[in-house]
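The two complexes that follow have chain A in common; it is paired with chain B in the first and with chain C in the second.
Coming up: the complex of A and B.
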């Protein structure tokens, strides 16, 4: 037999680590691909890899866009995960998209199913659960949906959820069948106008449909390998798994279910009522008797969802905002993911840190080793990396400061992200800024909501 | 002769054989009664026994003999002839004809009313045949003829063993006296003497031991005697009693072994403490999240099947059995023997691991237990000269054969039999959803019979609705009602067709909870109750109530009414200390209420189940 010995339940794990993401500029740089962005002083990829390890997975393929990023990442992985995980780092061309990446590594995939995980996912949802649901339904694709992260949007009320969803374009309008197992409709937030159009075949097939917008696509999919590769082969221009492949599969599922259900003489009189459903309406259209609610059990082509438990943390690092959100959550509410024990003050301060007199480090902070702080500093809800030198009378709140950053006396940093090797001179004031690596903020500078980066030579 | 030598399978049935009693084991019959009745018997039995055992030619030998003489005799025919053969007293096999007693005596004996077994005459007759088998063995031994059924001997050694150490002083004394008496009697007997005494001892021994086990309601009515030679190798063949979940020690041990973390539910139903009662909510997520951890122990296909059992995606005896066998087939396909291990042993342990995973997902049904037993015996009986691919090939085709012959073909036969019982104008009642019954209805409809179906259903599973859907689609006119209304609807019903999860060898039908009520009502209304059940679901055990072995479903299923959110008085019931919810899955229908069991061996009265179990044991379904 040609088959390899059982690779983790006939599942292969593909971690899409991306490359130098444009959306995350200026945080990423030539030396710091997206996957290595530090979240609480750990590369974000480590969260995924540790999740794999916790789930008892031994092998994974990490796909990186671009050779140079691949080199950096494989160097880091071989250092950090030497005998824990058998990771294979594969470089693909840049800008091929997620679908393209899978297409390129297609020949390496051998198992019945593959699990595609985005490398920027910070979560504690067991991968096994997604895989198990996939297996159980023998599905074509299983998408993991999670509730919007516990931080940010929820604090500021429901109305902002919608705005944020539109702005970030990461909220999907998701249609589920009554049992919440099958994915009936999917449209990402950006495409959604005022109405959503739903084919009447959907309602004929499923009887009921629940439309939700409070779920986020976590970009963790289980695919049936053969089907996925077929789809990618047939549709050369598919670029992204989320935007192209998943909606395509969801739609074609309807086609097949239409064909199957067409033969059944089910009476569904009120189709046309269902054509327009107001957005965000949690509607249940009971136009099929309870008895007939499982007409798709014989269907071969299933799109299944796994809806993660609300209590589990799940977030994707796909924007600058998300980066700071995740960093804040990781030392705050979701600190169980961190792997450090918190001190009595609810923060993590390395013993080697030198604090000046009257300097306070508040709760939900993290200060890594070798950093020095002058007198009368105040650090709130911030992360400070290794070997930073912070002068006196500096106020830092809601910020992320990476390694080897020098901050002069009397500076004020609020809600900002300061990359490595940045120098901030005296009495500069930064609010909601992102400062790229190696940048020098001049003394007395006052920036608000700007993105500062060194010019590429 | 060697036809009878069925090699032992690895599995351990809970009850060896049922419904048979010998003079020596007479106390057995009074087993459920007060224990006080038995002690005098221990004194009485040796004399009774050693000298004049009631001998009847065993139908087992007879049937094989017959089969040898008339190879074309249908198995059913030989089976039916079993009791007749006993009457006509044909000396067969290794019998010493001088030991024979007149068959008339045997029948007299069998007429002896017994409280729970063999109510009917026929069963009594059949039942007597087995003790004869035992004596057959004893005498065969004394004649040094190696014809005795190997498995019987083993059973004897094993079944008698557990009792040995349990005897009290008084009991030991009784045994000693019995032995002495037996010896004296044996001396009188002459050359055969010393050996003839042996059964007596062991009978007393066994019967004494039984006194201690009286409390158990599983009627272990057939603890047979055996030689007292301690045989260490065979010790592991002692049947494991069913796991009792009120035994803390064993539960702890089992927990350590188990792959899936199960938390015991807080409000366990007291009467059912011996059954696993776990919180259902935490179960599925745990199995799911362990997906990748399990890959060493569980094959993906088996995992999938287990998951579908757990979630209820696959239910019903046949469906579960087929799904399981298919998964095993997959796993055998992917199996390769690790170096320095033998396929037989390693594969058996693998299968054991799979089975225990499946049990953790949902307790096995009888049909699955039988199928597993079959598969294991196929593995152990693999010819040594086969190479690994050949062995795998053989096992895979064995499984295919099992599925097609024992399940699919059996269903066809059942349908053909059952259809003859459907006449035009009949009103047929069925309960819940049985695949066999459904096929019967559909086939009858295809034949153009005019009939109406009443589908009785019950909460919480409401399985009948799906059946209703399928039947109405086919154009069969149906009435759908819930079990509450069964006494009303029964007036118009002419026949009741029911499915079964298992039929035990005393004719009791183990089936979906509610079946017993239906059968009882039908009996009261003089409506014949026909059970459609494939023979591979028969179980050699006997059960007298549905308490000692049953399955508990999710209590939440009965506390919540779908679509009726207002009935929330049971919300948070788990925190109410003095409230326990009981969601039983199965019940027992006494054979009184069953008119006929339609099986692949034909239509039989419920009392004949024991015969089928006994006659077809060489098919490795029952040990």
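Coming up: the complex of A and C.
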């Protein structure tokens, strides 16, 4: 294994693990917060934590929304990462947003810089690279951008059509300076839907700006701690790091006096500054007119980007679609992240699995321990969790089956996500469905594109 | 004259490759810029025939076209067409075998668009052609640009035009390029070089511009440039001419044609591409500033091989000396005269004793006396400058006489045969001509400005008949004893533009003034700052009102606020204030409702800025201000609607100044009610409107519940 650069110790790592995300219903449940959703039978959070471990990090703060989710996650971490990582799980109020979460744990942050990583990130991009870029430029914020995952445009199946509208809306639009180092424009959220507004002042300062829509914000940021906390303190309404804090920093980076160093002197400071700038202006003009056009001179702080190599895998589990995409990629194209060696058939089947006669498990599949299958089953491009009971003549393709699922004879499951403890009775047919935990699909049921879940009591 | 009939059939697209390769490379040269920036000089002589260092502008363009392999040039003449034709007939350009120059005359064309329509009707263009104007100086090779264009055309027949652009950073102060042209904002697709956005005459006050969202779906990466400059050298396909025929209203190549193609949502489907010139020189002389810049570039040999000491245009050859000096062999310079660097002195010119010449171009047959100081001037042919004159950054056309001891301050333009009287001091930026300044409303056909704003249309110059000119000849003189010529007046409003376009470099204190002029409105309107400031709507993550409206209303609000504050501090009478606010209202085309809310905003802000230590003191401030100014505000509160608007505005303010105003919202509401600013109906109506709002919106409503309850009960009692 190649040695990865170590992230220096004066970076504190904050993993934002979220809570019970509503967008992921019915996959998440009271017992399964977002961070613990299985990707190839591993909680998604484990990818980030292992990445930290590989980067030589010893400590991290995992921030979870809600006490109950925190308990679940904390229990899992202490089991799985004992003696590997010193992880502190902190619960914050629900729906405080990413910015709110940082605000709440602000008092725990002590180092010069902090690295904020989203807990739903599945990637192999070394954190050290982001940290190094951040340090090299002495940046206020460094954001990691990666190419839109390969699977995005590839899945031209039925599901992508209905998703198209959503996808366009989720585009990240960023503007980079000619050297592709600085983030000079960012549009996100509601703004993306509208026309792109370009501030001439910024363009004048940099001369040139490249607007990219093929880059995704990977939600991995390095921040200057003091500055971030100041911004959060002064702007109480900021809810999200990406939608509020980052645009704010990007927009204010060329302002002559930023409201970061104390807001009380703002009025006077501005006036004096304006005067000062004017006086300066003329002497500069006389001596060296080019000085004026030098953006670095006017820059009060830097917003830097790290653009990940295209070949590196990077995806976020932030939607149902992303959940199945990532699961498929991880046993397919990106199987080097899996941590298992593939068999000759290009799949992973636990030795304890019992397969009936004439049952086939195709490539890009994973079947975990204790699962049993009857005769004449066909499994293609799917993941089957632990201790599942699958009858005979069952066809499963492009699906994710979690643990303890019972599937009756003659069922057909395509492009679906079946959560734990689901019972699918004989000859039911599911296509592009999501079935919540504990649900019972009755015999001969035929569902297409539906989301099935037990009613919460 | 050579008359060539092009094959008309060649217009049809889809010629075989073979046939296309046989088509000679053609160029259209517009020998008229359809602009007025060179007046008054261009009243008497077309711009393309003005001397540039030691050759005519058109010579540079033609020489470059020949050098780049163009075989046929169609020179379109309009204003002063006779002069252009006469010049060309006498020049070496006519009668060559491999370089065919043909003139096309139309005396009634007033724009590039009309010129192209005339050319289309002639049917001479049969393939891709180069489109330039006759004031272009360049030495860039066209080969690569042409190859790119042809390659694109092969793949996509809708790629009809390739524009040359060049790296050039505009000044951050004046927002002008070094050629004195406006800064340019363009967006291109870096992979295909397709042009996606073009803004040259942008509103400087507006801090931003928008790109169509749809562009991003088609282009995953868009490069937006502010560091490029349009060279006005285009390679076009014949379809371009056709498009001008289809759109008879198209006048200007950029403003109408290019922007038209970019904005038409792909109706025509035509695409424009750009070619970034990495090596080579290209510039267009658009104004006197660029005349100065390009002249210096020529002297400093950036335009090689088109430099004064090569014989690209048949004229006397200059010898290149040290320090960028060029001197004709026939010139006589007194040994005691000091000739500084970058000076060109033409044939048969004499310079007297102890004269000092730097950075200047002196044409042929000039007589310059003793003790004359010339700095940065362009002196054309047969100019006489008598002893002791001082000239700085001036243009002196043919036959000008400057009498003993006269002083020309920077930026002066003396048109043909002007005589400046003895010891006369000509102020900066004077333009002097023997002809009277045409008046804008002049019904005179020749001098009618149609639309000056875009520089598209100018004199529809039928040949300036001698009688006509005679009529215009000034019968008085403004330039001293025994002088000849009248000084053209410059509109004060255009003064800044005048500086930036002048031959004289922009001075420091002018820059200061420009910056201040620009700052003042911008500081008020928060424009330049909004550019970099967090705009409030962005913070909240949603805003649907369009930019223009938002900007304008913000501007209006700021002006009202400033007016109001002035009223407070200087004790202006209410009536006067009302008058001023009404003027603002008319100017911004606003409604009563806007005035009311802006005024209210100003008042509340004043209250906030008046020192206070607790919220109860703030309430007191508000109460005092409302008492004092309620009459003023009442003028704009004619109906309930306006009153409701006020409450809504107050709500908005509470978002802005949350800590200060949210806690005391109901109290202030009550005060306003007490002071008769608001009727109870307004408050109740507001309350009922708000009932349906989102929970988050209701915070203030809930706070005021008590007051509303009280009002309701009161009104019910009344009803009973």
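In this section, the second predicted complex is superposed on the first by the 381 of 457 C-alpha atoms of A that agree within 3 Å, B and C clash if a C-alpha of one lies under 4 Å from a C-alpha of the other, contacts with A are read in each partner's own complex, and residues count from 1 in each chain.
Heads up, the rule we're going with is that a residue touches a chain if its C-beta (ideal position, glycine included) is under 8 Å from a C-beta of that chain, and two chains touch if they have at least 3 such contacts.
Quantities reported herein were computed from a predicted structural model and do not represent experimental measurements.
Novice: With the two structures laid over each other on chain A, which partner does A:235 touch: chain B (first), chain C (second), both, or neither?
Specialist: So A:235 only meets chain C here.
Novice: Between chain B and chain C, which one contacts more residues of chain A in the superposed model?
Specialist: It is C that touches the greater number of chain A residues.
Novice: Name the contact category of A:11: first (chain B only), second (chain C only), both, or neither.
Specialist: In the superposed model, A:11 contacts chain B only, not chain C.
Novice: Between chain B (first) and chain C (second), which, if any, makes contact with A:173: first, second, both or neither?
Specialist: Second partner only.
Novice: Would you check which partner chain A:204 touches, where first means chain B only, second means chain C only, and both and neither mean what they say?
Specialist: The second partner, chain C, only.
Novice: Which partner does A:247 contact after superposing on A: first (chain B), second (chain C), both, neither?
Specialist: A:247 contacts chain C only, not chain B.
Novice: Using the superposition on chain A described above, determine whether A:127 touches chain B (first), chain C (second), both, or neither.
Specialist: first
Novice: Per the contact definition in the header, classify A:408: touching chain B only (first), chain C only (second), both, or neither.
Specialist: Neither chain B nor chain C is touched by A:408.
Novice: Which partner does A:136 contact after superposing on A: first (chain B), second (chain C), both, neither?
Specialist: first
Novice: Name the residues of chain A shared by its contacts with chain B and its contacts with chain C.
Specialist: Residues common to the chain A contacts of chain C and of chain B are 292, listed in rising order.
Novice: Using the touch definition from the top, list the residues of chain A that touch chain C in their complex.
Specialist: Residues 168, 171, 173, 175, 189-214, 235, 237-238, 243-244, 247-248, 251-255, 274, 278, 281-282, 285-286, 289, 292-293.
Novice: For the complex, give me every residue of chain C touching chain A.
Specialist: My answer: residues 169-173, 175, 183, 185, 187, 190, 202, 206-213, 215-217, 219-227, 508, 511-512, 515-516, 519, 523, 528-529, 531-535, 538-542, 547.
Novice: For chain B, which residues count as touching chain A in their complex?
Specialist: 285, 287-295, 299-300, 303-304, 307-308, 311, 313, 333-334, 336, 465-466, 468-469, 562-563
Novice: Which residues of chain A touch chain B in their complex?
Specialist: Checking each residue of chain A against chain B gives 1, 3, 5-6, 8-11, 55-57, 112, 126-129, 131-133, 135-136, 138, 290-292, 309.
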